[in-house]
Every structure is written in structure tokens, then in C-alpha cells.
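Pasting the structures in now, so scroll down.
In the two complexes below, subunit A is the common chain; its partner is subunit B in one and subunit C in the other.
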Partner chain A sequence: MDAIGVIALNAFRETLRDKILYNLVLFAGLLIGLSVLLADLSITEHHKVIADMGLAAINLIGVIIAIFVGISLVNKEIERRTIYTIMARPISRTFFILGKYLGLALTLFVNMTIMMAVFLATLWLYHVPIEQSLFQAVELIFVEILVVTAIALFFSTFTSTTLSAIFTLGLYVIGHLTADLRSVVANGESGGVKAVVDLLYYLCPNLEMLNIKGQAAVGILVAPEYLLLASLYGVMYAGVLLTSACLVFQKRDF
Partner chain B sequence: MDDIVTENLTKSYASGWPGRPPFVALDGLSLRVGRGEIFGFLGPNGAGKTTTLKILLGLVRATSGKAFLLGQPAGDVATRGRIGFLPESPYFYDYLTAEEFLGFYGQLAGLGRAAINQRVTDLLELVGLADARTRQLRKFSKGMLQRIGLAQALIHDPELIILDEPMTGLDPIGRKQVRDLILSLRDQGKTVFFSTHILHDVEMICDRVGIVMKGRLVASGRVDELVRQDHTHSVEIVCQQVKTDGNTLIHSLAARVLQQGQQCLIVLPNPDAVDAIVGEIRRQGGRLLSVTPHKASLEDLFFQEASQEIARALPHMTSGRAS
Partner chain C sequence: MKIVRSRSSLKQGLAQVVFGLMLLAGSSVLLHLLDGQRTAVARAEQLAYLPKGEYLKLAVLGYRQVVADLIWLQAVQHIGAKRDTQRGYSWTYHAVDVLTDLDPTFVPPYQATGLFLGVLAGRQEEGLAILNKGSRHNPLIWQLPFLAGYISYYERCDAAAAGEYFRMAAQVHGAPAYLPQLAARMTVESGDSTAALEFLDRFSRSVTDERLREALLRRMKEIVQEQDLRFLEESIRRYRARYGQGPAKLEDLMLHGIISQLPEDPLGGQYEIDFLRGTVSASSKRERLRIHEKVACQVGAGPKTWAGTSSVDMQ
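Right after this comes the complex of A and B.
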């Protein structure tokens, strides 16, 4: 088990020394700044605009890091052949995958914490009330990012970096649309189409379940049960993907 | 006891196209490496050396056959803790400093902090990188990367060390240092298995060698035994005042005849014809200056095996084209 920690900490160190990460944090700061600028233009709802833009920025940056670092996490090791010396050590392939995932999760957590701090500072500076709902939204954004990271890692165990990016991005978009699609199809479509949409709905992650940004921005809380269930759903979905990633990775030749 | 055993190891890769035969990287390779031996694994590019090493380390799965390291099946996770490995042209985490890099591999091997610090200091000294302790690997030269790679292979004091082309990228001084290092590892009772193209190094330090061609082990044994097996030792005869032009006896027996003024060099493919040539020199009243038997080297054996392999492959290639 120690090996997972060693791999995770090294993955964390790698991303920290990767300048792209710092640039994205800077980008988040800029986006939050922009939200303040937009809020100045909006006379009536500037509180909502600042909260909305802040949450959206945190979400966007988190997802970008999760996808683009997630897809290269394993592929880079294989392409650069650094995997040879790692796999020649007494570490199972499962531990390697889990270590890599946890390392990136740690990076994302630190990154989100920094973004959240900047966001809260912005709210405080502009006298926007800091609602509990904002914390609920950020918690579910983090769960969504954990799912997206698991998707990226899963694809990267058997496809190229480019294909992994396309698949992950595709699944992310579908994940936000399946619930809407299902409700549209429910009203009068034929059995075949309905069955396909149902299959997609259950197979793809329901990421819209983890999106409460709209109501959180205006201070509406979700029930603690919903928060717990949605978090459990996300974590379990990520768990299934990670298990699949480990199984695929076990069979791979380097 | 043998530290490395492979039995009929085969690895084939699917061509990716229906109807096309798979590419066979290893074709029934069987070899044994005893404890405390330095074993040189020779072969041209694409012969299957790296594939063999990868199977031994569990990086690649064999299509058929068996492989054992330190008595355990190849790829066994716990056994890897007793093995050190340096891949060919190693790429490492270039954002780490030399110290962090070795520390990381020490941690992976389960070493404690104090043991890691001590081993890092000792190994950086051993491979001549003590001054680069806090330098990031991205600022290392190719030779330095090779040295730090060797250090990572040894960080946990393994019993068996597997090195893929360890001399690549090193200057003559670096190569000598690596040779000395390998010999010192053998003196410590460790087994060293390494692949290389550089035959000179193999002849100098290896207890035994194996030559692999097209995925098959074509020769294996002690260097002196293998070289002795080869009976086609050439002989060089230098003489004076001998007419070789138009001499059918000399030209029929010699592999090469070089006439430079009064002096003549006759190269014989084997020692059998020495008496006949010396007799001819005497008959002509010439002066015999020297008779030098050319001891066959590992390189000769290597090229002989390679040319036989090409000769074996040629009929297939010709018939393939004809069909």
C-alpha cells in the first residue's frame, strides 16, 4: 500500500512542477476577475453573476486539468518509457494506476482549494454574501472532476492521448445531456429510440446530477441526502471506471 | 542454482491486418544464467534481446513458454524487489533532481529514509555524479542519464541486475567505469545479465554469453569455448621474393593475396593449407618472414552466426518472391 502513496506523491510533484497547472490557476483568477467586471455591468443581479461566474470558472478549470492531465497520466509514462523502471519494481499494476489517480486527485484538490480561496476572497471584496450553497456546489464540482479524471485515466490505459482526449470530452458532454435527452424522448418517441437513450442514460455518467451551480449561485441549498447520494453516485462511478482501467492495464504489454 | 531460466520462450505480435502472419519476436528461446555470473546477451538490432528482457521483468507477456527469475515465475511482483533493471536509452522523470530521483526508486523498493540517504550518497559517488546531486535530470547529458539509470538499478542492493545496453551513450572512460562496476557486482556475488552490441566489452568481462538471432538462441556458453568451437581460424603468411601472379596453387588455397613490391601477404581461411603454401614459397626460393595464426574472436563468431542466419533466410525470401 505504501507504493500507492509513493506513486501518488510523485504524480502530485510532477503536476506541481508542470507550469501548465500554474497557468490554469492564473486563468481561474482572471475568470473570477472577469466575473467582477461583468457584475459591474449588471445593475440588478451582480451578486448572482459573481457567484455564477466564479463557480463556472472553478468547474471549467477543474475539468480542463482533469481531462488534459488525466489522459497523459499513464500514456506519458508509456510513451516516454518511464514505465519500464517503475514496473520493474515490486509494484502491482493496480497500485500504479491507483497511485497515479490519487496523485492527480490530490493536485486537483489543492488546485480547487486555491481557486475556492480566490473565489471567496472575491465575494468578500465585493460584499457578496457567502452562502453555504456555494460550498455544496464546489463539493459536487470536485466529485464531477473525480469522475472526469477516472474517465480520462480509463481511456488512456488503452488508447492514444488524442483519442483519450476526444473520448473523455465526448463523454463529459454526453454526461451533461443524457438526463435532458431522456426527458425529451420520454414524450412520444418510439420504443427503439427510447431503449437506446435509456441505455446511454444508464451507461454514461449522469454529470448533470452533480451540477447544482445555478441554484447555489442564488443561495438555494440542496438536501443533505441529495448531496450524499450524488456524491456516492460519482465516487462509485469513478470506482467502476478505475477498476476497469486496472483490468485493462493488467493485460497491456509495454 | 540458476537465477534466470527461460524455457522455449515465444513472443509473437499480431500484424494488425487480417491474413498477414504475426511477427515473431522470440522463437523458442531457452537459456540459463547461473548465480554470480556475468552473462552477455548478444544480438543484432531486432533479434529479440529487449523482448526477452521485458518478458523477464513482466513488462511483456510471453505468447508461450516459461521464464523464471530467482526461482519465481517472471513478473512476480515480490521478486522484482530483488532485481535491478536499467532499460535501453532510459528516459526518466526529468523534473526530479538526481537525489529525488534515486530517493523515489528507493521508496518504491521499500527502503527507509536513512537507508535511502546513505545509498543515494554512495551510489552518486560510485557513478561519478556526486556533484550533480541537486541538479534536475533534464539538465543531464546522455551519459549522465545512463549513469543515474545504473544507480537507480542498484539503489535497493538487488541480487540480480538486468541491464539493457548499459554501455550505450558512454564515452570510453564511462564504458570502462561501467565494466569495472559490473565486475565489482560479480565480486559481491551478484548476477549480472546484460544485452549489448559492443562485443569487445562482452569478451572482456562476461563469464558466459548467449547469441540471439531472429528470436532464437544460436550459441551459448563460455566465451573461450565458443571461440574455440570456431575452426575457421585464418592464418596470415608474409613472405618475400615469391611470384604469386598466375600461381594457381596459392590462389586456389588463399582467401586473399596482396603483393606489394617484393613483399607478399597471403591470407589463408584455415590453417590446413599452411604447409602447402610454405612448401611453395621454399620451392620458389622465397623468404618466409612470418606465419601468424589469426585467433578467432567473438566478433568472428557473431558475424558467422549472422551470415548463416541470413543464408537461412534468403531461400525463404526468394521463394516468397517467386510465389
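Right after this comes the complex of A and C.
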């Protein structure tokens, strides 16, 4: 178990060395710049727009980091051939994958915590009420990012960096559309198509379940049961992907 | 040798910087020229190309609210723009329709668009359509059916529809206590400008946005002005009936005891008489409120006190 911690810490340090946290400057600039701009536009709900923008920026930046860092975590070790030194040690491949995942999760957690702090400071600065619902939304955004990281890591265990990026982006898009797709097919006649779509619905991640940004921005809380169930769903789905990633990685020849 | 090489590399670097700056200046000039080519109308036209909300909803994934905000920030530039065209209003309506598909609980766009299209731009059907949509998605916001009621009552002269809207607004929990009484008054007869003024006054107090409040204020002044014009024209008719010919100037109405004093134009202009036609116009607003030309929608006769306008009694 110590090995997982060591690899995670290493992965965390590595992402910091890659200057991942520089995105925070972009985030802060975007949010504060927008808030200043909004102060001049009167026919609008400043509070809601600032909250919307902040949550969307936290989500988008988190997803971008999860995808682009997630796909390179394993591939970079293979390309640099540092994987041989790691594999030569008594570290199981499962621990390697889990360590990498946890390292990136830690980076994302630190990143999101700072983004959240900047977001809250902006809200406070512009006298926007800080609702509990915002914390709920960010909690589910973090779960979504954990799922996306797991997707990226899964694909990176058996394909190239470019293909992993395409597949992860694809699954991210699908993840937001499965419910719509299912409701479109539900109105159709064909039972076969419905069955296939139902199967895909449960196979693909449903990331819309983790999206409560809209209601959070206007201060509407979701039930604690929903928050718990949705978080569990996300973590469990990420678990499925990590298990698959470990399985694939164990079969891989170096 | 080393110094010569470093000098030449410095020269090369400097040349590259200068070249880069020249390209930047060139691209800035081109951008400026392009800006000039792209008129305000063309910029507004972008709103017309927005895909329908039901499709856009799928394309923007989990970022519906923020995309709705961005569309609203664009649309809001055209709402209330002094030189906006009827086409511009159509595009604005489309944009707001799309953004409210993305975020149906975003209330300010319904309110602002309903007010600008339904009251200020004379596009009552679109104004009512957006307000009806807003009420469907936000049944707890009484201001939306209230505004729709006003448009039906005063802008469309449809007392029955207005009554229905006011009933809806009054039923909302938290609606102001004066609403049922005002609704009862407005349901009796459509087009009563005094009731319309009361509505606008009360509505402007519930509006937090400065631009919306200014627009409402202007509308109230226009209504007062129209009341004055009708009052003066009615007085001219009385003058003509009494003396067999129209007055040469408005002051004659006062001198001959038809009116006690001349009303002041709330928009800051002067009232002028057209001796031949017996009509009165205001120098501050050449086009009179469209609604008053309708025969079906009779407005109340006497002028009312509002915003510094002195009350004038018929003699």
C-alpha cells in the first residue's frame, strides 16, 4: 500500500513540475475580468451570471486537466522508458495505475480547492450571497472530474495519447447526452433499438447526473440523499474504469 | 569573432521583433477595417443564426446555464438600443427564446424582453409569447403574468385576456396585496390610461434594474403626454362648439375659460396646435402612441397628475 502512496505523491509532484497550476491564473483572470465586465451591464442578474461562470470555469478547467494530464500519465512513462525502472521494482501494475490515478486526483483536488477559494473571494467581493448549493455543485463537479480522469487513464493504458484524448472526449460528450438519447428513443416504436440504447445507457457514464450547476447558481439545494447517491454512482463508475485499466495494463507487454 | 557573431544575432533578433511588430500592426489595421465593415445590424444578425434551443441544448453538454448567460449578454446589447430595427427585435426575440430553452428558470430575460418587445417596440405578440413561456416555467414569479396583463390591457385593448393574466398574477403566493383591486379595475374596461399609469408605477417599483426602470418611466411620461394631447384636443372641440371656430393658440383655451391652465409636457417639449386640423402635437415626440389611434380602445379623458405634471381640470 505504501507503494501506491509513493507513486501518487510522485505523480502529484510531476504534474506540479509541469506547471499545471498555472491554469489558476487563467481562472482567476477570467472570473475577475468577467465580474468587472458584468458590473457595467445592468439588465441581468449579476449574482446568477457570476455564479454560473465560476462553476462552469471550475468544471471546464477541471475536465481539461483531467483529460490532458490523465492521458499522458502512463504514456509518458512508457515513452520515456521510465516504466522499466518502475516495473523492475516490486511494485504491482495495479498499484502503479492506482498510484497514478490518486496522484492526479490529488492535483485536481488542490487545483479545485484553490479555484473554489478564488471563486468564493470573487462572490464575496461582488456581494453575491454564498449559498450552500455552490459547495454541493463543486462536490459533484469533483466527482465528475474523478470519472473523467478514470476514463482518460483507462484509454491511455492501451492506446496512443492522441487516440486516448479523442476517446475520452467522446465518452465525456456521450456522458452528457445518454439521458437525452434515451428519451428520444423512448418515443420510438422499435423495441430492439430501445434495448440497445438501454444497454448503452447503463454502460456509458451518465455525467448529467453529476451536473447540478444550474440550480446551484440560483441557490437551490439538492437533497442530501441525491448528493450521496450521485457521488457514490460517480465513484463506483470510476472504480469500474480503474479496475478495467488495471486489467488491461497487466496484460500489456513492455 | 564572438562579438561580431553576437552583434549579428542581436541584429537578427531585432529584425525579427520589428517584423513581428509590423505584422501585429498590419493585423490590427485589418481588424479595424473589418470592424467598420461589420455594422451593428450584422452583429445583431448573429443572433438570428442561433440554432433552436432544443438542438443547442444537446450541443452545449452540461454548460447550458453559462451558454444561456453568454447569449443573454449578447442579446442585452440590442434590447433597448435606440436605433434598433424591427429585424433586430426579431433576432432578439429568437435569441431570448433560445436562451430560455437552455435555462428556463432565468427570469430577467423574460421580464426585460417582454417589456421591450411588448410595450416599447410595439411587438405585443412576441412580448406576450415570451412572458407566457416565462410563466409556464416560473409559475411563482407574479411579475410575468402581471406584465402580460398590462400588455393585453393597454397595448392590445383586450380586457378579457388581461383579466385572466391578472387573476393568474394575483393567485401567486407573495403577490402584492394591491393586485386583486388593480386587476378588478383593469378588467372592467381596457385601455384606461390612469389604470395603466398606476400599473407602470407599481411595476417599476418591483423592478431592480435601472435600465428597465428608466424605460418604464419614459413610457409613463409618454402616456401622460398622450393624456394631455387628448385633453387639449377635446378642449379645442369644446372651444369650437362654443365660438364656431378653433383657437389660434393654446393659450386661448385658458383665456376663454375652457381650461384652467395649460399642461406641461412631461417629456420637456412644447405642445403645439395645428390650427387647420384642430389637433395638438408635442415637440418632444412627433409620433403619438399607436394605441390611442385604435377606435376599439378608448382612453380616459382627463389628464392626471404625474411626475411634475400639473393637474388640469375641465371647466
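What we mean here is this: the second predicted complex is superposed on the first by the 236 of 254 C-alpha atoms of A that agree within 3 Å, B and C clash if a C-alpha of one lies under 4 Å from a C-alpha of the other, contacts with A are read in each partner's own complex, and residues count from 1 in each chain.
By our rule, contacts are C-beta pairs under 8 Å (C-beta built on N, C-alpha and C of every residue); 3 or more make two chains touch, one makes a residue touch a chain.
Note that the structure is a prediction, hence the values are computed from the model and not measured.
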item	value
Joint occupancy of subunit A by subunit B and subunit C, clash or fit	fit
Which superposed partner A:168 touches (first subunit B, second subunit C, both, neither)	neither
First (subunit B), second (subunit C), both or neither touched by A:133	neither
First, second, both or neither for A:218, with subunit B first and subunit C second	second
Which superposed partner A:17 touches (first subunit B, second subunit C, both, neither)	first
Subunit B versus subunit C as contact partner of A:157, first or second or both or neither	neither
Subunit B versus subunit C as contact partner of A:48, first or second or both or neither	second
Subunit B versus subunit C as contact partner of A:111, first or second or both or neither	neither
Touching partner for A:75 - first (subunit B), second (subunit C), both, neither	neither
Gap in Å between nearest CA atoms once subunit C and subunit B share a frame through chain A	24
Those residues of subunit A which subunit B touches in one complex and subunit C touches in the other	none
Subunit A contact footprint on subunit C (complex, rising order)	57-58, 61-66, 69, 72-73, 76, 79-80, 103, 105-108, 112, 209-212
Touching residues (chain side subunit B, partner subunit A) in the complex	54, 57-61, 77-81, 83, 85-87, 90-93, 95-96, 104-105, 107-110, 149, 152-153, 162
Subunit A residues touching subunit B - in the complex, by the definition given at the top	2-3, 6-7, 10, 13-14, 17-18, 80-92, 253-254
Partner subunit C, residues of subunit A touching it in the complex	41-45, 48-49, 52-53, 55-56, 59-60, 172-173, 176-177, 180, 207-208, 211, 213-214, 217-218
